[in-house]
Structures are given as structure tokens and as C-alpha cells.
Amino acid sequence: MNSIKLKRQSWNIGIILIALFLGSWQVSRLPVFGSYEARTFLLGILPIALLSMGQAIIIIGGGINLAIGAESVLINCLAARFMVDKSFTVAVALTIFFLLISVLVGALTGLIISKSKIADIIVTLATSFILIGLAMYIQPSPGGGMNLTLAHLISGKDSAFLPPLITLILPLIVIWLPLYRSRTGIAMFAIGSNKDSAFLSGVNVDRTRIKLYAIGGLFAGISGIALTAITLSGSPFASISNTATLNSVAGAVLGGVALSGGVGGLTGPALAALILYFIPTILLNYGIDPAYSQIITGALTIFVVLVGGLIRNRGKKK
Amino acid sequence: MSTIKTFVGTRLTKSMLSLWAILIVLFVITGLVDHYFFTVPSIGVTFQLAVPLGLLAAGQTICMLTGGIDLSIAMIATGAAFIVSIKSPSGLGMALLYAFLFCVLIGTINGLAVGLLGMNPLIMTLGMNAVLIGVFTVGITTFLKGSSTMPDIIIKLSTATIIDPLSWPLVLWLLIGSAVLFLLTKSGLGRLIYAVGDNATAARLAGVRVWKVQLAAYILCSLFGGLAGLMIGGQSGAVSMSLADSLVLPSVAAVVIGGTSIMGGIGGYTGSIMGTLILTVLSYLLATLNSSEAVKQMIYGSIVLALAWTYSKLTEKS
Amino acid sequence: MNKKALLKISNLAKSYGSVVALRDANFEVLPGEIHALLGANGAGKSTLVKILTGVISSDQGVIEVNGTPVKFTSPDNARKGGVAPVFQDPALIPDISIQRNLHLTGTNKNRFLKEIAQMGLTVDLNKLASEIELPLLRMIDLARALSHDPDLLILDEITAALPVDMAQKVISIMGQYKAQGKSVIFISHRLAEIEEICDRATVLRDGINVDTFDAAAGSEERIVASMLGDKNVSAKEHNQRSNKSENDILLKVEGLAGGKHLKSVSFEIHKGEVLGVAALEGQGQDLLFEILAGESKPSDGKIFINNNEVHFNHPDDAIKYGISYVPGDRKTALMPQRSIRENLALTRFRGLRNWGKINFRDEDSKVDGAIESLEIDTRAKSQVKRLSGGNQQKVTIGRWVTTGFDLLLCFDPTRGIDVGTKAQIYALIEKFANEGMAVLLFTSELREIQLACDRAIVLYEGKVQADLEYDNCDEASLLNAAHGLVGA
Amino acid sequence: TPANAAATYKIGVSNNWAGNAWREEMVCAIKAEATLSGKVAKVTVLSRNTDSAGQSADVRSLITQGVNAIIINSGDSSANNPAIAEAVAAGIKVIAVDNSITAPNTTLVSNDQVAYGAAGAEALAKAMNYKGNILYMRGISGAGADTDRNTGFRSVIKKYPNLHVTKEVFTGWDWTKGGQLANQLLAPGKFQGVWTSGIDYPVVQAMQTRLKGKYIPVVGADNNKFVGMTASLASKGFVGIIVPNPAIVGGAALKVAIDALDGKSVAAKNLLHPVALTYAKNKALIDSLYFAAQDANFSSTVALKGYTTFTPAQLFRCRAPQDDPETTS
């Protein structure tokens, strides 16, 4: 019994080891390592970790969302545009409102996929254009801002590394854990694993899919809000959203989520973001052209999926 | 002949008609918005500009029919253009040879990884894309330094008109298009491409070496990508990192709008040609509209979504 | 009929587009009865089950439970209303643990464990469903349904994937269930099972209930007659061919081992012979077929063809030696979205040499020949997925008719196929043998061995337990050998 | 090992767009000037394609490495402000180069982009005889430089009632996309002039096929190939208008950074004032701007009076102080 659980955790353990290795390498290169540096790490990974988690939820459910970066950029632009110069209470209210919008955008995406029966990839490719267009419409050029108190609450200030740590971990505890335990959570794994069986087990496939895209959207929204808190600005660029989307897929996959659906969790993707952050940072600090980090990240993603696939296939052989 | 009937079939004819209807409607709207559009040279140019997308879509159709997808096609196109640009001083022949060797190399890696190692095509080609971006970003300041323009011959071949609206690129497309249609409908490899996409296990049990088919598909896709890259370089006169970036998503969209399933096994190049023409006229229409970039993005996304949706509903019923 | 019906179905109809799955179905299930639901493939049995349990909704008709009309909106809903199904296709989610599977359907864990224990089985709740073999999975499915204490249990072809011993277990469970005054709807193509346990039977044909009667022993003829309607062809008597023993040995297997189950299998097949293979579930018969087809590799042992040792790395190698394979699950052998023609012609393109232009004239004649000799119904030829199950099975065999072969490996080719088509398939196998080809035939229905084979081997504990001549291939001997009761 | 014992300053560079010749040249200018100054021990360059969160992380990374000044070419005028504020608070001099930023207590060294837009527009209007249709090819929608150039451009065009911007497109500062747009849009008689935000020579190339060699005036930047075409096609009636946008503005930023570190007072804004050049008026200057051996999109301005001291050869060598000492001569 324990061995089965251990086997399933082995991926996360591997990720933690790699992240620890890279982390200590990076720390050893720094003149000092204190809470300021810890916060620098956390701010570097926060948006992409949250986005990877959102993507992970959707991939576990058997889908993929190529508009998740655009969802985050949209919320970033909304927040930066409307929260600038607002009082703390108004800003908090707006944050909640924008998170609701992100849930709505996600749900709508799920609804379109369910109703149209078009492949997720296609639907989300198309919606990514629409969402980026909306973001550009709301915030035509970079700018805007956020109430500073709120921003510091989310992303910390100077050496305060606890706020970003909480922003990272809180969604895991408040959203993911209850979800995983709930019937919707099982249904999410079920539709990702085998839609037909899930249907026969009494799962409402469409409704579950809509919920997953909504929760994925929520994570994208939190990521967008975090981005606003970190940068105090909204950036309506398609290139940002594309890169973020690709990183979110890489993060989810490195984090042990199987692209075929039905397998994985959210801790892995959060940790994988750490790896994705350390690789370019370490290279940069060695004065190596950071373009190499792209090569390494790409190759690493391929390698990890390859090995993961081989391991899983071996497990399945009779 | 009964074979032709098998491939065209009542289902396809019906949807082909609707694709024609959409194209004509878009064409008329564009002409009404921009009177210049209806002149013969303008139609010629529109066709010409459709060719690179049409070539990319050819590669994408082949990959998607096997149940795959090639998202590294943009960097393959860019790479081919870079290589021709840097190698052209040592003769066009050599330059082309190097470029196509590069395409075959990348196609082989993609194909072997997908076919023999069972890699997920989405991740494999996304990873490959990241690796290639890294390689060329490094290369642009080192081994590719100075590659920014295309040889005159290629510029001529990708832009010169024979008699309006017939141009060299169009002639090339007609030739290649016929070859692709022949490949898919009248050759053994074509049959296998469909077979592998529909049910790879069945194909293997029937004695087919599935990986060879996938390898062939990815190499062909790469070659079409490279050719498209040269043509884009020729049409713009300049080579840059983001040469074909903006065509990746449309290449997938064109294939899907044209009725090829992203799961493989069903569809064909005729539909992709229609999809290509529709998207090309659509982007011309958007370029003529004097609306902001934001609104254009939203319209583009919405229309692609609407087209894919309409098409899937149309084919579902019959 | 003085008892009040537990379930009453009237005028039920359902169409999938142009396909009418159910036209007008009517019948009643009484409390405390085991009611068989019979019908050829595609008669609409599973469709009826799905409507009953709220998986799909009917186009028209009324369902009454205990006299009150009900409309279940989901299997969950049905379970709460006292109707628990075990569907034809496994309904456990492969990638999640059994425990979470139970949670998903709101099944009480302890109750479930009790049911499993009563079956004499053990289950690790932490295992993923994908880590469990199919027969056990079906039993888990059954235990899960039982845990909901339904008034009406619906079993859709549960025994199809079960070995004889487990099938027997299911039958005794149904008996106990009936003893508690509960009812069962039992769907199966194995008529012996029907006669053994069922009280009454309703036969569906083309979506209409054509007959209902007491399912006593000897009602087999009536069942077959009403299932087939005017298509009625009595199962043909087997003509034993006499000269096969003098023929040359085509294939010889020595000490073949592999996987968990195959230890050391040796046997030989002659040209023009149909060799039956009988075994309980999980004796490695599937792996044996896969090895001979080049789809899996043995860990030990030798294969000889015409006295030459051969090694297969890929099905293509086996095909080159004239060995063709029809797998047990026809879904794995068909390209559902492609036409009959493309499915039949697939093997013609296996070599690189055949990647070029297709010779359509040659293809036409081969394909048409196969369609004709197999009597494939070509009304829905543009996509094989629209064919009925029996016709799909014919396509999987027809593929090899177009290419030609020396040895055909048929793994349970009649699983889930109606009686009429079964007879056709056996006639075809006989024809192959008469033309000098050999057939290795595994079937899960033991009595089919004598219908189709010249000789049979029985696998038990990874070895050939018995090699029986035609006359000794009666069900009892086969069953004994399959349980290891007769020495080899 | 620094070449000079007096060399103590550590300079950090954050650049958000790599794989681009202009930015590479900018970085080389910083390195070359730092080496020549004799006051810099080390230049740490963090140059990659990244978004604002990534660039902010780079800035923080430079802070943790203890640099004295940060030269930043920011992808977003305000998104790096929190990180920059932390740098300023740590006593680090922050110099924005090329793209302006809104963070307080920072110094800007850049081309005057409003003047850039205006100078080209004025020269174009003149070349078009103050009438006709203009194809207006901008950069990236929303980017600071693009917005500023648009301000300058519009302020000039609105003075001339007979000049019409009949088509406005965004090239994304991408050579390929610019060329494709030119190919799609240019047709005989449709436009009488083209203003580009520096994506210039593909437009001229497109005229050769689309307009069958009938050239209309084009405003471009000091890109090597465009400079060459302006000279070589002048005899065929082509009027090229060059408005320099020097990549070596990076060298100027380095100079300002050192001044600031030395305690000299520096202005908050240090702007270069671009002037439009045409072959008719500035033949000698344009000829001197063309480097046959360099790339098509090499920024041809190789010296900025009062700011840079390197020779072209030193610029091309692209050495930072910490690199091989024997080559720093």
C-alpha cells in the first residue's frame, strides 16, 4: 500500500531533488542569500507557477488550454487599468470581481468546447486571439497600477518573502486540496482518464469540463493579479501570453501531469516552475547566452516527457 | 471511378460547398470594403501571399492526418530561410541543399521521437521549437551573423508574376498541391497516413511499420515548412527570427477549418486549401479595416472559432 | 400474471440519427425473477439498458418502476431509484484508484468489500483500475452494483469477458440475489447460461420485442428462431475433413514461454487443419496469439514454419511467413473512420515498395472478391464504424482474404456476435481449411470447438494440458482439461 | 582581471529582447565604452527574450550581485518600476536606455522619439510635395517609442491638408512582417510615400516588384542596407529619407552612468536629436554611413559626439572589461 503511494510520489520527489540541486547551485553563486533573495526567487516563479497549476488542472481533465496565458494577460490588464489609484478596500473588491471574471472566461471556454465539440486546442487557439484583443482594448499601452498596500500584501516588499510564498501556496490549500477530495475532483480525473467510463459512472462530462476550465481560469486570474502586484503595470502583449502559455504547458508536464489526462497533481507543476526559473538564471549568471536556457528547457521538457512515458508504459505492460 | 467517390464522398462534398460559400462571402465583403481588392493584380497578390500558408498547411495536414501536429514548423521555416541567406554566397544550389538537409534533419528527429519513442507530438514539436529558437538566437550573433536578406532569385521566384493573376509562387503551389493530393488519395503512403491516424494499432497488426509512416510524415512536413520559410523570406525580402511565427496558428486553423480532424484519420488537403484561402482573404479584410489592432485580433479569433464551429456542425449532421 | 411488475417498459424508442436502435420495446420484469434480454448484435439491448439507467434519454416511451413512471437522468439517479447496472463496457476509471472509483459512484466502501469477500476475491483498494486485469475488473463492477442493494440489477454481457469459473460465480450470485426476492435483467449471447439460470426471456429484434417466454432448458431453438426472424439459418453441421493428418506440418511451436502465464507451450498445426485452443481466462492464450502474430516477443522457446526456425520482431515478419492475425477485440484491428475498401486493402501497403501509386484495378478486384466471399453488408461502406458488429468482424477477416495467408490466427472471433453471423464465420473457417490453409482458433465458448475445429489443445498453467482429437472435444472433456483435471 | 587598477565600477545591463541586431550592437557599445573608460571592472549583461516579470527578476538578480549601476532597456515603461525602485533604494544608479521608463530617480538616455517621428514626416512631406497618400508603417502597438514617434509624426502631417494617411499598419518591428505588408499593400498609384518606423529596406525591395521599379519616397532609419539603397538607387529616382536611430546609444548610456557614479550631475533626460538625411543634401555623410561588410540591419551610426570614444573596430570587437585584457587596446 505504501509502496504504491511512494511510486506515485516518486515524480514529485525527483522534481524536488532537481529543484533543490539547482537552487543550491544558484544560492552558492550569490554573494549573500537572505530574505531579499528568497523573495526574488518567489517573485520570479509566482506568475508562471500559478499558470502551470491552472494548466495542470485542465490537462488532468483531458484538455489543454492554449489561451491560459491570454487569460492571465487579460486579468493583468483589467487589474492594472482599473485598480490604479484605488483605495485598498476598492482594490480588494475589484480583485474579487476580476477573479470572478477569470472564472467566467474559463467557464465560457469550457462551455464552447463542450457545446461545439471542437478540439480544445483549436477553441483555445481562437479564444487566445480574442482575449489578447480584449486586453489590448482595455489597456492599449503598458501602464496602470495597483493599490500599493494590496500589492505588498500579494507580492511582499523589499525582504518580505512571506507574502509571495502565501500567494503561491494558498491556492494549493484553499482550492486544490478540497477539489482533489471532492466528487468534482474525482470526476476531473475520471473524464481525463476515460470519458466514456466517466459518463457511465454518472459523471456529467460537460459540466465537469466547464468547472475545470473555470478553475483553471481562476488560477490564470490569480496569476494575472500576482503579475499586476509584482509589476504594478498591465502589459497587453501577445508575445507575453504566448510565452506564458508554452511555459505553463512545460511546467505542467515537467510537474508530472500526463498529457493524455487523468494523471498528476498541482504540487509538481508548482515545483517545476522553480526549475524553469533556475535554468536561465544560473546560465545568465555564468555569463552564458541565456538563449541556451531555451535549448535546455526545450530539451529537458522533451526528455522528461519521454522518460515519464517510458516509465508509465512499463508500468502498464502485463 | 469508385476510388474518387470514396475519397470525396457525399459528406465531403457537402462541407466543401459550405467552404466555398464562406470563401465567396468573405471575398465579396472584402471587395465591398476595399474596391481595389477586385482588381486582377490584387487578386494575384492575395493568392501569392496565400502560398506560404498553403505550404505550411500541406505539411500540417499530413502530420495531423497521422494524428500528430507540428508546432516546430515556424522555426523550421525560419531556419531554412536563415541557412539559405547565410549560404547563398557559396551558390544557390548549395544553399538550398543545406536548407533542405536541415529540414530533413529536424523532421527526422521529430518523426523518430514520435514514431519510435512514442513522444507526444505536441510536446515534442513545442520542445523542438524552443530548442530551435535557442539555437538561432545564439546563431544570429555567431554562426548566422549577417543572414538577414534573401538571394534575389528567391525573391523573384516568390513574388514575380507571369501574367496577372498567375505568379511563380502560385505555379509552385499548383504543382506541390497536386503532388500532395496525389500522395494522399492515390498512393500507398497516403493510405498509410490515414491508417496510422485512424488506428495505429490496427495498422501495425496489418504489418505496417507505423514509425516509418510517421517519420515520412514529419519529414514531409518539415520540407514543406522549409519551402514556406524560403517563400516568406523571398516575399518580404528579409529574414528574421519571427519570420513564420504569425503563420503557425493559422496553419493549424486552416487545416481544421478544412475539415481534417486533429485526432487524425479523416480529412484531406482540398479542405486545407480552402481553409488557407479563407484565412488569407480574412486577414486581407482585417488589414483593410481601419480598426485598432485590438479589435482586429478579436475579430480574427471570433471568426476562426465561428468557422470551425459551423464546419463541425455541418459535418456532424450529415 | 398476478404479481405486480417491478419494472414495466412500454413503447420505448430511440434513434441515433438515421439508425433506429430501438423501435418499440415492451416488456415487464417481475419481482424475484431473472429475466434474460436476448437479441442479435445491434438488436438494441445495450441501448435499452442505457435508457433504463439514465445514460441516454429515449425518444419516446414510458418506464414504470413499481407502477410509477420514472425518468432517470443519470446512472447515479438510477442507482438511487433502485436500479443498478453493470454496463457492457467497463465503467471503472482506469487512472484512479478503486477507492476513488467507489467514491465517484457514492458506493459504501465496507459494503463493497463485503460483496467482494463473498465472491471469494480480494481487491487492493489503492490499486489503479488500470493495474487490474479485465475479469477481476468486471467482478469489481458487479460488486459495486450490488453494494447499492438494487431492486433490479442489470447485467449487460458481463460474462462475455469472464472465464468459465468466474461466469459460474456470476450465475450463482444471480441465484442468491433472486432468492432475496430481487430481480435481474441478464444479457448474454451464451445461450447455455440463459437456460441455466433465467426464468423468462425477452427477445429483441430490430428494436422490437418479438417474443417473451419461459427460459426453460430446450428453449434454445425458440430463442434462435425469434432472434433471427426470417434470417433463420440453423447452425450448420460440422463436416469433419478426413485427410488432414497426412498433411505436412505447417507450424510447430516448442517450449514457448512469455509473460506471467506462458511457461512452456508446444504443439503443431498441419496444413488444412483447424486447431482449436481452449482455456480458462488468463492462461496466456492472448499472449500466445500475439507471439505467433509477431506482436509480442517470447521469453523462451522456438517457432518453426515448414521446419525452419523463425523469429518475429514485428507483425510484418509473421505476415511474410503467411501468418495472419485476427485479434480478439475488433476495435484494435479496424480503422473506424475509413471505408470498407481501405480497411480491406490495408495490408497491401505494408512494405516501403508499395508506398507509391496504388494499382486501383488490382485493388478493386481483390476487395470486391473479399466483400463477395464474406457477404459483407456494404450499405454503410464509407466508414467501417457504421457497420454492425458482425460485419466489422467480417472485415477484419476479409483483410487477410485479400492478401492471402497460410495460417490464420483467430482469437475469439465470435465474441459478441449473433448466431447467424457466427455460422457464417465458421463456414468461412471451414472453407479456408478446405483450401489447404490452417486456422488456429481460440474461443471462449467451449462448445464451439466441436462446431469449428478438427482438433483442440487446452492450455492450463502455461502448458498444453491436453491435445484432443475431434471426438474428444466435447464440452465436458475440454472443461476438465481446462481445470487441469486431465493429464496431458 | 580588470585591465586597470582604478577600474572599480560594476555595471549591470538588463535587455529584454535578444536575437536582434540592433540590441546586440547596443550591448556591444556599452561593453566597448566601458572598457575604454578604464573605470569599469565588470559589465554583467542579462539579455534575453523575456516578459516584464522576467525582466524584473533580472533587475533583482543584478541587485543581488551588487552592481553599482544598471542600464536597462525595458520592454515595458512601467512594469519594472517596483524592481527599479528597489535598485534605487539600494543606492544603485539606474539608467534607462532607448525605451523610457516612468520610475522616479532614474536617468534616461535615448533618441528623441517624438523628434524622430516629426523629422521623418517633415522630410517626407517635402519629398511628396505636400500632397498624396501615405502608407504609415508603425512599430508595435502600445510600445513607448511607437507612441512617441506617432505623436511627432501626427503633429507634422496635420499641418498639410493635402497629405492623407490612407493606410496605417503595425510591423511589430519585424523585418519579415514589414516586407510582407509592403508586398501586400503596395500597388501602382495607391500611395505616394511611405513612412516606416525603421523597417525600411524590405519596403524598397517590394517596390522593385510591386511597383515595377517606380519608386516613391520612403522614410527609414540608419539601417545599413537602407543606407546603401538610398545611395545606389538615387540615380533611379528613389528618395530615401534616413532618420538615424543609433544603436550605440548604449555607449552614451554607459558614459552617463559613469558620470553619475563619479558624482557629476547628470540631467534626468539625455536625448539625441535626430535629423533627417537625404542623398540630395547629405551625399557625403550617407556614403560614409554605409558599411559594405556589415549586415543589412546593422545600425550604421558608429559615433556619437560627446558620448562615445570607441572606433568602429573597437565597437565590432564587442569586449567587456573582464574579457581578455590583451585585446583591449
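Read from first to last, the chains carry the letters A, B, C and D; within each, the first residue is number 1.
Simple rule for what comes next: a residue touches a chain if its C-beta (ideal position, glycine included) is under 8 Å from a C-beta of that chain, and two chains touch if they have at least 3 such contacts.
Keep in mind that what you see is a predicted model, and the values were worked out from it rather than measured.
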Taking each chain's centre as the mean of its Cα atoms, which chain lies farthest from chain B? C
Nearest whole angstrom, what separates the Cα centre of chain A from the Cα centre of chain C? 45
Chain B to chain D: how many Å between their CA centres? 35
Mean-CA-position distance for chain B and chain A (Å): 31
Return the residues of chain A touching two or more other chains; collapse runs of consecutive numbers into ranges. 136, 140, 236, 289, 291, 293
Among the residues of chain B, which are close enough to touch at least two other chains? 137, 141, 261, 292-294
Could you pull out the residues of chain D that touch at least 2 other chains? 18-19, 49, 141
Inter-chain touches occur between A-B, A-C, A-D, B-C, B-D
Interface residues, chain C side, partner chain A - complex: 55, 74-77, 79, 87, 89-96, 100-101, 103-105, 124, 126-127, 130-131, 133, 259-260, 287
Which chain D residues qualify as touching chain A in the complex? 18-19, 44-54, 56-58, 60-61, 63-66, 75-82, 86, 89, 102, 140-144, 147
Residues of chain A defined as touching chain C within the complex: 1, 4-5, 183, 186-187, 189-190, 192-194, 196-204, 261-263, 315-316, 318
Which residues, counting only chain D, touch chain B once they are in their complex? 18-21, 24, 49, 141, 168-170, 172, 174-185, 187, 190, 201-202, 205-206, 209-210, 225, 294-297
Chain B - residues contacting chain C, complex: 1-3, 6, 9-11, 186-189, 191-192, 194-195, 198-199, 201-209, 212, 216, 261, 265-266
